[in-house]
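Below are two complexes that have chain A in common, paired first with chain B and then with chain C.
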Partner chain A sequence: MSDTTLTAGAASAGATSPAASGSAADAPGAAATPILDVRELSVIYESAGQTPVQAVDHVSFQLKRGEFVGLVGESGSGKSTLGFALTRLQKPPARTNSGQILFDGHDIRELDDEELRRQRQGGFAMVLQSGMNALNPVRRIRDHFIDIYKAHGHVPRDRWQARSEELIGKVELPVAMLDRYPGELSGGMRQRVSIALALSLEPQLMVFDEPTTALDVLVQHAVMDTIRSLQQSEGFTAILISHDLGIVLESTERVLVMHEGRIVEDGTSRQILDDPQDEYTRMLLSHYADPRAEVVSLPGFEDRSVRRADGRSRADSATSAPSVATRGKRSAQAAIVVDGVSKTYAPPRRGEDPVRAVRDVSFTLEPGQSLALVGQSGSGKSTLAKMITGVEAPSEGRITFGDLDVAKLRGKRVRELHRDVQMVFQDPYAALNPLHTVEYILTRPIVNFTGATKQQARMRVRELLETVGLTPVEQFAQKLPHQLSGGQRQRVVIARALASDPQVIIADEPVSMLDVSLRAGVLALLEDLREQWGVSLLYITHDLLSARLITDDILVLHDGQVVERGDTAQVLQHPQDDYTVALLDAVPDPRRARVSA
Partner chain B sequence: MSTATDSPRTGAAHLGGGTGGTGGTGGTTASGSRARRAGAPGGALKYVLQKLGLFVLTLWAAVTLNFILPRLMPGTPADAAIAKLAQNGPVTEATRKAIEAQLGIPKGNIFEQYVSYLHQVITLDFGTSYTFYPQTVSQLVSTALPYTVILVGVVTILAFVIGTLIGVAAAWKRGTWLDALPTLGGSFMSTFPYFWTALLLLFFTGYVLHWFPTTGAYSATTTPSVSGEFVVDALYHSILPAITILITSLGGWVLGMRNAMINTLGDDYVTFAEANGLKSRTVAIRYAARNAILPNLTGFGLALGGVVGGSVLVEQVFGYPGIGYLLFNAVIGQDYPLMQALFLMITVSVLVANFLVDILYGVLDPRTRK
Partner chain C sequence: MTTTQILKLDDPAQQKQPGALRTIGRMIRVIWSNNKAKLGMIILALFILVAIFAPLLAPYGAQTNTFERNADASPAHWLGTTAAGEDVLSQLIYGAQVSVLVGFVAGILATLVAVAVGLSWGYIRGFGADVIGFIVNLFLVIPALPLMIVIAAYLQNGGFGVIIAVIVVTGWAWGARVLRSQTQSLRGRDFVTAARFSGDRAGRIVFREILPNMTSLIVGSFFGAATSAILAEAGLEFLGLGDSSIVSWGTILYWAQNSNSLLTGQWVLLFAPGLCIALLAMSLTLINFGVDAVSNPRLREGTKK
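Take a look at the complex of A and B:
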């Protein structure tokens, strides 16, 4: 993927786009006019029967040729809306209601449909967030390339094969992938294919909308590396839209921070890192820390070892009050003992090997302990959670909770287990029935597990809402899930888990779908529940920073096996296994990247 | 057929299937047949063989059920015929003997009966009809079948093709009159009951305006043959029933395709195709419609399978001598041999149509071949 191959490819393709070669960015004439000049751009959402929402509010900025700029903001900040507006892909109810988008000096809002379509070759391209779904499931990868060549005629027919092979090579995939259907590729591979497709347009500007968000941690890291090296070798101007300030600071030279439809900060990555001007930027930054550091603290979380040494709880050290109501700790509690557990699934296709999801895992979760189970997807961590809750039975080994053998429970005894061991799920958007009010959602488990009367249940619902910090409770009790934010929904999910007054909470990636500013609150809630109520916590995650914050011990799982275990702070500071190191390296850390650069 | 009784219960169930040519979208069955995905290693041949195996198994089950159900009913067909005669006066022993000799009484044990039943099914020997005595069931069916298959079959395919195209256009031009007109019209027309549309058409274009013949599949003055004159006459007679079926079934396909397509239009691969500047025709047809049609195919398979059952109401109103007309008369006249043959035929054709759709699915959707 050297510059020579690109020039050869572009030249034979008859492309004349200036930005296709890296040198154009340095040309004196080209540098003078910005490639993109956005002036007072506003985008509004107008849904029938609802108050219009100004998603992008008078935004202005310029991009120089060859720049790699990050656009950061939390969900609802308008960053994706802006990205879609820049490439004129926004659809009703979104509408650009004022301002100009000058691409290479011409306002793209003025283009008619056919001009716009032609502009997409050699102009601006977009890589979507869910790149894995960006490919037509019934067409081969090759046909996707050919569709683009046919639409624009920028690659002569006799070069189709060679050009496709070249592009697929640029994103580090084997040529054989061209004959596959999208369904036969992994998520990371599909995202690479969609990057290659966008590249085939020889764009001057590429907009990457959360290109790695839906991917697994380690894959995320590799795809970002590819994007970075492509940007350098191909010399296109790029906008990287992301909710993750870490990723953005690590990759780009300049960062735009977006909040409530406005750009609140625009500066070089170093400026933003060292001297953030805006309150919101400072808040975002404060939620980043290196999980390997000696002392790790976030807003509301003093470092664990420091706290432990002083014998203080999270709430003592934080300025905020404990998020849970004080209550006596449980007296008699049981430990969960996982003893030599394996889980083997039947082969997905005949003739293949059986899938060994979990292999000979043993650990004990003591009452009041918090244990992290980390690993990438497919490492077996969720399968373990399913076995502990009795949803799946182990193929070998035994899981006991007190005197209950989890796999052998039937009928009433299963209820006992479920009363004491509760799950908090990853996706708060999917874990709540959209048709029921919060009150109803919480009443069900209360009545089912404790047999409370209507009046008692009503009281308990209010208590629970108070516990998880959803006040005023009367208001929240009547709400439907869609009226709540992601963080509030996850609190409802936790409240539901608490309804049966459990001894153990198994939290499966409880904050991975939440914005950073909301994560700390949910993590604090879990920590306080453990400290104040003595609930033990099995925290399943791929996010090592949060594991460092709220767990005492850690278990690193890889391919179903425990590759490393020990005290969380110890393991993360002095990892022994290569896999743990790889996981740690995948954590985006703006400071580390800047230091090495 | 020796023992030709069928319970009314199965009759009703099959009737439902038989009138399935109405162009419903078949949502539940869509998921059913998609869930039946091949789990075996790849290869088109393997996929086809697997589907074929499943087809043969289901076919055998259906045929066997058709054998068992009538035997769960008390009495013999002779008893039923005699009971019918007895309403008009006492039946003598000689008459009973004669009827029994004519209809036959079960010979041998249940296994021997099963073997002879299978033999009869394979040789298409379904016995003699009660209502159209002395014609055999096979004769009746083979006379009626071409009318139904040509009329209902052609119209069903036409309705699917036209409806799907309109649905694609409506979804693509969502929010314009090109969407509003077919969507409103489609919902409006598909709520018309068959017989009502049929009666309206019959009254105005037949009796008032005299544009079209009001009954039958051909004029009384012509005799069925393969001559050009007869074909023109038959086509002329089929116009009104065809329009009726088209009007009432078109809406379902339009709405089904429109809704499926609106879903795929929101899919990321469509947005990405637009972002890549593909021509809007390519995006609409090869990306959006190509994927949207997949779930509708199952509904189409069911509708095709239902073709053989004819369209009972339409054929009845227009006096059209197809399978639906036959079925109606068989039910009214408690003509068990005829009913049993028709039900078996309908079941088999639904199975065949589903099998064909499964194969088509394999061709159109690479995900099913895995």
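Take a look at the complex of A and C:
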């Protein structure tokens, strides 16, 4: 019903724009002329005092009307730069230095500001990763829609209400949301609103730039479903920019793979999946697997997967640990015991219920064990990590490490705890002070915890760098964090966690900020360290695939409660709880897309 | 890993030095690349040179009062003479010394207090933070000028030191407030938590991890404090609350006002020191535009466009 009204609206509005042929989208003849024709486009970043960077390098491609195309690449591949260039949203220091972007036959680079503004309606629109934060917090959702109607005048005043309700319905939100303020909506809802706002312009081309990356796993899945069904029902042409090949292959018909500013592969999703031509595409694909499978294998994990599948042998790794440890490392001796722990935060506003972040959770992290703590954001997994490391105190229950009662530690005793319990942070870009060299960063825990002399500390820094695979060590020791890639930074973070020679490492989503191709390497490092140094590992994640690879046991948290626990392979292959199943379904897997297709 | 390899390395202290110098060097380059800041730096440099070389530049002594009184501008006295028979140009040149000196000394001291208070206030939590907050807010809500007047009147004729003390006491609170909020946001960063996990103590975390990340903010707050110090010094002197026997732009204004120069047609006596004060304060404000660009790269791109 609503579809017909929209088409009519688009047609009448389209009369003012050069895209008068909008209503002909479903006519067979129109499909032949491309809606977007990019010819030899290059975009360069020219910052003052820095060498220019060619972010997009002679890229050419065409989009047919109504096509849903994915644009995949890792960070720095130029995919977002390309998206911004296509919608003329690029800002200095980015500059298009060659090529043409023909949208409906007109080069959009030649539009002046007013033409461009008018073009936003019935032309091209963009949904950003942070689009959900683009809403004005002091204005109701309704006002955001009305602003657009006023700016473009494409909806008569008496239709404002009806049109807003229709749009909000299209993104599967209740009409009551129109009267809410952005702050009252969750991240997923706000991202839906920003999609609805883009839709209200009746665009022929929509560019989605990582529309779900900032959202929680389960929400991510639902929002992608909405985008997919909208694209089918509305028939707009869409480009989905994402770093996640899994998501793209699940959603789109055709995929462009970008690498270092060039499009290295352009083919249908099917082709890319079954017969990838480019080395880079093959590499990306190799990093996906189904955590439910009998044997899970990723690059760097080939040998492990087999051992884990045929009943992992914890006894083996535990006994072999001291002998493998070449320098006579002490292995973990003390267990972390979490006993009936709850954490309740004061209500966010007066009159609301207190937030129960963690409810009556008990588990034991045995020496040398690796345990996954899995759940979506808000499930209480990070709160648990904070309590175990003594950053926060539990409201109820007890956490002990050996004979230390973690909750009662103060000042100096906390430092004692940190000697044995170390943390690997989620964001390697935030976890290293940008002004200190790697050497300084690693020296601090060595000096603080082991009382080593300068000379000893220097030796130890080099050993640590060698352990985490940052060689040549002399070079890396002198580097500043900004001179390192994300994966290298995360290795430094891991090296720092090892510096005090700890018994337990708590890794809070250590790979979620890294590019897919770098993840396996960091995970393999964590796994090696656990086996060779005999440290226990508490691995906090929402990513079940990585949990499957490096942990023996798993604990699934939902709303602060443990809903499922057991052997990782067992739980993931035969999940009992609905929530575990939902989490498993949310894992993007290109191969599953093929099964369903 | 052999010892010979280790010995080849530089001393860590030496390695750190280039790092800090590089940061400051990069900062100056960025500030210099901003046109407004460039203008400000040039004006400031001129004033500093004038202050340093005042004895060479000034045609007469600052307090030589043997000339004709209330003389108009002439080749001998470019800006005329005062009611007491002093050469105005010489007074103006010597007056730069006081303004620049007070501006920088009071600015540095106020910034030091602001850094010490702001950083510890931002880092600690609980009752201690509330106490500091109360004190800072007290200084923020008391109107600065009346407070200055009261303190200066109370410590009558203390000279230089008193003026600086008064300015510092009344001028640190705003900077502390700004630095505190930045400290609070930085203390939540992972690298600060990581330093805690590395076993670093609070003092070290504040001064080695947090402080270096706020350099541009601190420099900005210094220029802000120096500007208000220069203005406050001139204001206090003009009101006769300083030591009226020294020669500064404020005292020139004070004596000019006392001798009704405007009525006698000697507007230069009011205009010249006023302009100097305005120019000096403006130069610091202009430099602050460049400092903003250091902390916000987006502004930097804007200037290059």
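Keep in mind that, in the parts below, the second predicted complex is superposed on the first by the 543 of 597 C-alpha atoms of A that agree within 3 Å, B and C clash if a C-alpha of one lies under 4 Å from a C-alpha of the other, contacts with A are read in each partner's own complex, and residues count from 1 in each chain.
The rule is short, and it goes like this: a contact is a pair of C-beta atoms (placed from the backbone, for glycine too) under 8 Å apart; a residue touches a chain by one contact, two chains touch by 3 or more.
If you're wondering where the values come from, they're calculated on a predicted model, not measured in any experiment.
Annotation: superposed three-chain arrangement on chain A; chain B versus chain C shows a clash.
Once the two complexes are laid over each other on the shared chain, residue contacts for A:Arg139 go to chain B alone; chain C is not touched. In the superposition on chain A, no contact is made by A:Leu249 with either chain B or chain C. Shared-chain residue A:Asp427: touches chain C; no touch with chain B. In the overlay built on the shared chain, the residue A:Met258 is in contact with neither chain B nor chain C. When the two structures are aligned on the shared chain, A:Arg444 is found in touch with chain C, with no touch to chain B. Of the two partner chains placed around the shared chain by superposition, neither chain B nor chain C is touched by A:Ile44.
Applying the stated contact rule after C-alpha superposition, one finds that A:His152 touches chain B and leaves chain C untouched.
When the two complexes are overlaid on their common chain A, residue A:Leu89 makes contact with chain B while staying clear of chain C.
In the superposition on chain A, A:Met513 contacts neither chain B nor chain C. The clash between chain B and chain C in the overlaid arrangement falls on one stretch of those listed (93-101, 183-191, 219-227 or 237-245), that is 183-191.
When the two complexes are superposed on chain A, the residues of chain A that touch both chain B and chain C are 92. Within the complex formed with chain A, the residues of chain C that make contact are 1, 5-6, 9, 12, 15-16, 19, 23, 29, 33, 189-191, 193-200, 209, 212-213, 300-302, 304-305. For chain B in complex with chain A, the residues that touch the partner chain are 39-41, 175, 267-269, 271-280, 282, 286-287, 290-291, 294, 364-367, 370.
Remark: chain A residues 47-49, 92-93, 389, 391, 415, 418-419, 422-423, 425-427, 430-437, 439-441, 443-445, 448-449, 454-455, 458-459, 462-463, 474, 478, 480, 493, 496-497, 499-500 touch chain C in the complex.
Against chain B, the residues of chain A that register as touching in their complex are 87, 89, 92, 113, 116-121, 125-126, 128, 130-131, 133-139, 147-148, 150-152, 181, 183-184, 194, 197-198, 201, 349-351.
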